[in-house]
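Remarks on the structure that follows.
Here the chain labels run A, B, C and D in written order, and each chain numbers its own residues starting at 1.
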C-alpha cells in the first residue's frame, strides 16, 4: 500500500481570504485517526454552501478557516481504515454523512446526532471532499447500494435534507406547499410526489425552476412576486390552505406568506435559512392555527439515509433533471459559474484520479 | 316532494333465516329522524361481509337480524334531510361512513368514533344501501368530490379500510409485507406504492391475485403455501425483514409467518379477522423485536376519508383493475356467484332507479 | 316547567361601547335550538379575556359586539334540552367547552374542532355564562364527575388550556421552562410537576407569582427583567437548556429568550398571544436546533377534558392556591379590580339563583 | 498503574453445568480493547435473569455459556480506558447499559440499538459485573449524577426497563393497569404515579406485593386468581377499561385478561416474557379495539437513561421500599435465597474491594 497510496493529492481549497477557490495539486493526503477511514473520492456534488464559500460572503468569512479543502457531498471507495475501525472495510463503495457529532451530548446519545451542538461539518470545519481523498470518522460512513449510480450517490447529502424535511412533515395524503424550488426544493417536489402527497403547490421567483417543478410533479406553480399567491394557494386547497408547508427559500416574505396559507392544524417544516430575523404574526400564523413548526437541520443519522435508499430503489424519484451538469474536478470554476448564471441546478464533479490500489492491512499501516 | 318521493322501493334483503338474499320491490322507503338524511343510492359495492350474510355463515347468524336490508358501501344523492340537519343539503352527491357511533363515549368524543364500543354498522345493525334509498345520520355523510367517478365513490368504505391500515402503519420509505391480497390487500398494494413504500412483498394462496398484486406495484410475490416464504421475505429485505407488515388475510399461519419476517423495530397493522384464537410467540414475534402492533378497525372518521380523496385526486391509485364488474342491482346474485367463483374482485351494483325529484323543504316535510 | 323556568334573569353584559360591564336583571333567558341545552349556572370563572372585555381594549373593541353577555368558564345544571338532543339530560351537572365548531370543516371532522376556522366562542361571539342561564350546543356539554368540587369544575376551561399545552409538549422525564406564570402558567407548573417533569424553571416579572410558582413545584425561578436569565436557565440544565419550553407570557422578549434557552431537539409550545409581530432568529432559534414548535389554541375536544378529569381525580394538582377568591355574581366588579391590582389570581363567581325546578319533558317544551 | 491494578479478582461465576453460582477469587481481571473501559464495580443488583441462571432453568441452559461471570446491573468507577477511547475518563463514576449492539445494523444506526438483532448482553453473552472489575464498550458507559446514591445507580438497568415501558405507553392523564408487580412492575407503579397517571390498577397473585404496590401509588389491587378481576377493572374505569395496560407478568392468563380489560383505542406495552405461545383473540383483544401493542425490550439507548436521571432528580420516585436488601458480594447466595423465598424484592450486592488506585495513562497501558 505504501507504494500505491500517494502522499499528496489534488484538492480544491480556500487558499486566500477573498472570493474564489483554488486547485492545489500538492495537498497532503489526509491522515486518519484510529476510528477514521480514508476514502478515494470519485464523484462530489457542489452545494449552495460551497457557492457561499466560493463567493466568500459574510457567513463564510465568519465561519470558514482559510486553508480548508471544501466540499461535503461525495461517493468514493474506502482505501484505508484506522486501527480501531470495525465496521468499514477497504474497498467498500461509500458516501458519508457530513455532520460529525461529538458523541457525548444528549442529541448524539439519543439518535439525534444531526443536531449535536458541537457538530463539525465536513468541508466547513474539517477538510472536505473536493479532493482525491477525504478522511471521515467510521461512524459517518454509509455503504452505497450497488444499484444506485455514482452521480446520485454523490448527492445523498442534499437529497437527505429534502427527504428529512418531507418525512418529518409527513406528506402522504396531504396537500403540500413548497416555497423555494432550488436544488433541495426540487428534490422535495419529486420526493413528495413519490411519498403520496395530494396536491403539490410551489412558489418561486424563477419561471424556469417553476417549470421544472411542474415536470417533477407539482400541480400548481405560483410566481412568488405575485402579492396574492398566498390567497390563491388557499383557493387551490378547498379554501382551507395546504396541510403541509415546506419552506426552502429562506426568504422572509415567502415564510410569512407560507404561514398565511397554511391550513389550521397543518405542519410547517423550515429548512431555508433567512439571513435576518423574521417578524412572525405568532397568533395568526402559528397559535390560533394549532400549527406544528419543525426546524429541519441536516439528515437524521441514519434514518434519513435508509429512507433515501428505499426511495431510490423503488424507482419513483426523478433526479436526472436535477443533476444538470457533470464536470471534471479541475473544471470546478465552470460549475460555480453555471450555478451563478442560473443555468445549472446540481453540478457533480468527477474525480478522475483512480490512482489507488488498496489492500486492507497496508492501508491501515500507512494511514497513520 | 310528497308527489315525487315514493313510499316503497326495491331493496335486497335478508328475508329468511337461510342462505341467500332476496330482492323485494315493495320495501318501505326508510323514515328519517331529525338528524338523518335520506339518500337515493346510485351505486353500491358488494363487500366480503355481504357475502358472509349471503352465505349465512356462523358469524352472520349470530349477528344479523333477519329482515334487514344489506349493504354498506355506496354513493348517491341526498333527497331529504331531517328537521335538525344543518350540514347536509338536498341534492348533494354523497357517500357515507357506515360506522354509526354512539356520540357519548370517549372514542366518539375524541375523534375516534371508528372504535366506539356501541357502534352500529349500516347494513348489519341497521337497514343498508342495497336499495333505492338509504337513511344515514347527518354526521356520517361524506360529500364526494365531483372529479371522483361513481364506481370509485361507491367503494370509499373498503378503500378507507386499506388507507387506514397503510397510513396507520406508515409506509413511506419503508419496505412493506402484505399478507392476503383480496380486495383490501390489493387496494393496500396500490396505496402503499402511491404512498412511497420501498420494496413491497405480498403473500397469498391465489396465483391470480398475486399476479394482479404485481401489476399494481408489488415487487415480490410469495405463494403462502410455500413453507419458507417468511425466510425468503427476510432475504429480500437486507436479511432484516420488512419494516412494515400489513395483515389482511385473517389466516393464523400467515399472521405467524408475517411476524417471523418482521424487522426489529417494525410495525404490524392487523386488519384481517382470524376466526379462532391465534397462538403467538410473544417474546420472539413482538417483545424482543420491539415491534409496534396496531389493531385496525374501520376508517378514522374522517381523517381517512380526506386521505382517500387526496390520494384519488392525485391520480396515483390504480383501482380500475380491482373493480372487475358492474351489474344492475337486480343482478346481485350474479355478483355473489362471481365472487364465490374467484372471478370477480370487487363488484359494484348500479341502482337504475333515478325516479326521484327533489326539493329541499318538501323533502324535510316528508321525511318525518 | 313553564311555571318554574323564568323568562328573565340576571346577567353581566357589555351594554355600552366603553370600559366596564353591567349587571342587568331583566335579561331574557336564552332560547335553545333543537340541538342545544340550557344550563343553570352555579359557578363561573373570570378569565383574562373577560378582563380585556371589561377594560375594552383594542382587541375587544374589534371583536366583541356590544350587548353580549360575557363569560365562558362555568359549571351548572342542565334545566332544558332541545328536541333533537340525545346525549344530555335535564339535571346533569355539567361544564361546557366554550369553542363552538362549525361541524363541517376538516378540523371539526377530524377531532380537531378546537382549531375550526369558523369557531364561535361563548361569551365573545355568543351570549356567555356570567348569568343565571346559558345555552350551549349539546356537543359542547361536559358532564362533571361528582368528586370534583364546583369551584374547580368552574375553571375546566383555563385548566384545559394549561393541560393541552403541557400534554402537547410532553413533559414526562424532561426539563421544562415556563415563561409567564399568570393563571395558566401557574396551572402549567402544577400540571407539569404532576405529569413527571424533571427540573421546572419559571420566568416572570412578578416576584409574588414566582414565589407561588415555587410553592406549586417550580425548582428555579428567574426574574425575567434580568437580562441573563436565559443563560442561567441553560446553566441549570446541564448547559444544554430545558427540553421543553412552555410560552405563556405573550411577551416578545420572553419568547426570544425562551427560544435561546431551549435545548437542541427540544419542544416549544406557544400559548401566550403577543400583541405585535415577533422577530425570530429562525436559524438559531428553531432550524439548527431541530426544534418542534407547537401552536396551542383552546383545548382538544375532548381529549383534554378527559385528561383534566383524570389528573384532578388522581389528587396531584394543587389548584386551591390558584383560586384565590370566590365572590357572588353581583360582586363581579370587585373581582376585576382584584385582578387589576394583582391581588387575585383566579376569581370564581357564585351564582346564587337556584330558582330552577326542572323536569325533562316540559323543559324541552319550553325550550323552543 | 501496573503496580495498582491487580491481575486477578473475585467474581461470581457459572462454573458448572448445574444449578448454582460460584465465587472464584482468582478470576483474571478482564482485558479491554481500544474502545472499552474497565470499571471497578462498587454495587451490583441481582436481576430475575440472574436468578434464572442461578437456578439453571431451560432458558439459561440454552443460552448461557458455562464459565461466564454473571451480573449486568451495576455502578462503579472507571479505572482504565482503551487507546481509542475519547468519551470516558478514568475516575468517572459510571453505570453502563448492558445491551451491546453490533453498531452496523439499521436499529443500531437509527438510535435503536436496544433492539439490535445481534446484541450481546453483559453477564449473559460476555463476562458481567458480579465481580470486582467489569469491561464494557465506551459507548455503553453512563456517567452517574452525583446526587444519585449508589444503591439506586446500581439498578438503573431494571429501572430503565420499567421507565421504557411506562414512557413508551404514555400514562400521563390516562388510567393504567399493571399485571405483575414484581421488581419491575413495582417500579412501574411508582414511575406511573410520578408521570401523572390517572387511576392505577394492579393485578398479581401475591398479596404482599399487591400491598406494596398500593403503598407505592396503586389505587386498586386485584388478586389475579380471582376470575372476574378483568371485569372489575373495567368497572373501576368508567366501564370502558383502563387506557393503558403494562404487562409485566409473562403469564398467559394475565395477558388475556389484561387485553380483555383494555379500553378501545388503548395502548398495551408488553415486557413480561411468557414461556409458551399465548393464544390471543386478535379481533376482540386488538383489532376491533383499535389497540396499539408495543413490544418492550431493554432500554432506549440512551433516551431512557436521561428519563431515569430526570425522574430520580425530581425526587418523585419511591424506590427505597423496592431495594429491600443490601449484601456483601460474597453473600450472593443469601440474596438468591431471599428472592426465592419471596422475602426480598431487589437485592443489591456491595463489592468491598476498593483495592484500586488509578492513573489515566498507565491504566491505558495496562489495559491492553
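By our rule, contacts are C-beta pairs under 8 Å (C-beta built on N, C-alpha and C of every residue); 3 or more make two chains touch, one makes a residue touch a chain.
Since this is a predicted model, take the numbers as computed values, not measurements.
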item: Neighbouring chains shared between chain A and chain D, ordered by label; value: B, C
item: Pair with more cross-chain C-beta pairs in contact, given A-B and B-D; value: B-D
item: Chain B-chain D separation of Cα centroids, rounded to whole Å; value: 44
item: Distance from the mean Cα position of chain B to that of chain A, given in whole angstrom; value: 42
item: Sequence positions of chain C contacting 2 or more other chains; value: 106, 110, 112, 306
item: Footprint of chain C on chain A - complex, ascending; value: 105-107, 110, 112, 114-117, 238, 240, 255, 263-265, 270-271, 273-274, 277-283, 286-297
item: Complex interface listing, chain D residues touching chain C; value: 163, 167, 172-175, 191, 194-199, 306-311, 313-314, 316
item: Touching residues (chain side chain C, partner chain B) in the complex; value: 33-35, 82-84, 86-87, 103-104, 106, 109-112, 300-303, 306
